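By written order: A, B, C and D. Residues from 1 in each chain.
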């Protein structure tokens, strides 16, 4: 049986390794190369057999029909172009090609919202981890015009450390992160803001967004707590989400509040909704949890590749 | 030298033990009894010499001039009354006597806001941990009328597990809390809401409050991230806080974002403020960090006792 | 296709839930009941479809051809007998039927050592987690008579908290375990000693064993550090292990020191060996790492069931 | 009142910062400089007032009467010599001057064993963290000749990450250390071996030592589990330790097994002893716990400085 030869650029980071494992376990994919400049020559142990990292400059792009780029922001765009020139379809996990950044013509792979744009797509901009949780949590109320026009949506979110990669950094040492909690990139300064704003705008949402990320002492997972002023509280709180996400394999609507443990190592977003009592402005609280490395990165990238190649969307993915 | 004989009711919990340690190290206090029903007979090791837990029913209230009650909510009020009858001044760490609950005449020991009410006070209701962080963070903008009338203030906060006490609970096992994060008591259902609302109301604040607590995989510490719609952004962001808190020994105003590690084991609240860019409604982000067991419980209780007895406020407290 | 109907007794503990997940994902098994007295009526979400816990007294034993018992020590033996009477094969994860305890005729499911005894076996005593790591690490040097007769083997081991189950216990609260480390059941008092001694004795090992377990602030995993006085240091340190474990699918011999992260969520034991310099008695250090819930409990139980039913040993297991 | 002017070289590491805090709180010391090359110009916040880091080359050595060097191994010796030339007494926390390394004439500051050598000493080699725990645990049985001649003592120990410093290292990232446990520097390859061997030799111990360190997912603390073959088991297990350590302020002999939490942020070693059942060779298990940054580094350094200056040994130290 022919399997699609796949390459992974930037494979030694947390997301890159997750990608290699997913590709190696995918029934229609075959991992043919994985690049990692600083670790070139090292072997990556995979259930399907080991692979040796090569330098990115030595990536045999022409051997692959599909390339995932997990290169750093800024460095990825050039390699995406090379892989495209070599004839491969590309899913880019960096922010370089996402909406709100340089180009607006690359399909944005928030699969559940843009599935039709992704079929046969030769190039897909994979969403950031925070936008995946926040936009999938928010989209139904915006699409269904439940939000108060001009209102401020407050999205406080907290992420595990793998979102920051595995390069040595003093502020990510165990001794600094353990028993600690702090916000960062606050005041709407985070790199993920543009793609969230652009997506809300495409959904015709007339709302402002305030996004405040925090660093959790956990390895994986994001929980977003989103405050949404609405014109009226739905009788059945989850109904807007059920309507938007009927038959979605990777959306879990829950009556219980989601926790990070509920979603770790799974390609899902888990969503719960609560009303707020004792306030004048009708307000909903939306909670959305994902694994930042799976639905927030490598899992969604494979999901998008599945859509591009018209494979069943859940193929090779842990639900 | 005469030292004030002090008793601690409910001394085997996390806050109770912190109280015993602070009392034992306080130059004007002497720990004369500590009660713990389930651990009666056990010794508590203290730098000043060990003390043996007695059952609460056996507390020699008449021996003490000051009693701290760290008994559970609901059970505390009765013992507070007994200690008062025995002639002791009382600082009650439970929610029983706080504003928004049954009585409104007991001084509320958010020291920096109500210091004058606490001098010589025979009975003080010590604030909850979350209200300490959130109210001290918010008070300056409310007092100085910077908030938008009728606006919703969103206070997302996260706390370490010691806030939930040390009784056996399946959901507080290491295997459940580690590598996890979740919200709880959401939708304004948390027991700390009434005292926050009552305090804001006393400050004449015409705002609504949405408070969403989260459980962190850390032992100690609270970080509150508070979104405040304001009529205008101050030129000097920290100026309202500097004006409100001049010469306060336990308020730290910081240009850097506060983290839990900054405040652990210290009787301080550390506050930073940021403006929000890219939104139509002028909005401030206020960050406030405390140690939930120190400034959020035992430390503030001692601070309040110091005020009551007209000792220097920092006496016996770690800054 | 007929799949073997499987029941799990005591399914709400950490090992029981792991068993249910493995059974649900096993191509030849079908989960027909799962018991959990305190959580009866609750649903367990599984990829293959949800299952509702029933009380153990209501277990439809006659519907199953295979039963895994994850009931507590002491309570398990009775239910094992009932399941056997109902005609099911049984893998018992408790210590009740292990060597060194009451009976000596039940095959001991340390698969790699006793595979032949397990084929078609109607009843298998699944090993404890610590014995799995320590005995698989030690067996080659004992079988190949490399140990010094009469010598003391020192096995220090550390385990994650899931080894202690998920019943509420004050000493297993996050606030107690986090940032802590301690030994327990020391001086050869641990319940896993008898099965280790009995197994060493069956291997004709003339050695004494000192086993000291420690509690780690991690959820899963065991690392054993074993000091073995030997008659001579092998030229090729790993050679005795390679000889003993040729073609074993779940034994990983490593030149690098194993860590818990290497083995978590996998049904393997990972072993490395080092010589000790600067001591008179030739001495080997053997390191063995497992996931206590997989190779140390549920995974090995499924491995043993596979052997009993003569399925391929790795069927349904994560390697 | 004259206070002794003190400088700290290498003050931005974990031990260096602990030293600065202890010096700042010491009634007879005054911190006059603190060096940190990469963080020069940064302020270190201390209760006694802030201090600004200077480059080590700019250290005003002549202003100080006491210098603590927390510089890296290899780099420290040169600066110790300069500080001595400038007339200051020096406590060196590096391994450069410890027994078993280059010189044998510098007093080794394992205070409880070598107190008499330290009085008025102008230069003291402060012990490593592991040797502090292991040697204080072992010394009584060696001094009192309870060990079996020629026997192998097995010291397995585990340390928190602050023992490795706060320079950026990929293997010390939270994502790598959390939920993990591993040995390192095994087979007697650790840098702390020489000082342990030399000290045992000075105590006339005819024993071999096997030391295996492990990395714990905690910030602070060391627990050593030490297996000691003895000629006979004492009737009263702790008696040898009580005899050796009568009236020691910083040695805690305990009937309960020590845990890291028992000793964190305190300048103590906590020791418990157990007999081993079911083995032919009489064997004791000695457990010793310390805070690696306090009794294992900065605290013991201050303790040694107190002895040198003939101050009360506990002055300025948390017990």
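One rule holds for everything that comes next: a residue touches a chain if its C-beta (ideal position, glycine included) is under 8 Å from a C-beta of that chain, and two chains touch if they have at least 3 such contacts.
The structure displayed is predicted, hence computed values, not measured ones.
Looking at C-D and A-D, the interface holding more C-beta pairs in contact is that of C-D. Most remote from chain C, judged by the distance between CA-atom centroids, is B.
As a whole-number value, the distance joining the C-alpha centres of chain B and chain D reads 37 Å.
Here the CA centre of chain C is 38 Å from the CA centre of chain D. Averaged C-alpha coordinates give centres for chain A and chain D that are 46 Å from one another. Residue positions of chain A with contacts to 2 or more other chains are 160, 176, 178-179, 217-219. Those residues of chain B lying in contact with chain A across their complex are 150, 152, 154, 156, 158, 160, 176, 178-184, 186-189, 193, 197, 208-210, 212, 214, 216-221, 223, 225, 227, 229, 257-261, 264, 274-281, 283, 285, 287. Of all residues in chain C, only 47, 178-179, 319 touch chain A in the complex they form. Chain B contributes residues 14, 160-162, 166-170, 172-179, 217-219 to its touches with chain C in the complex.
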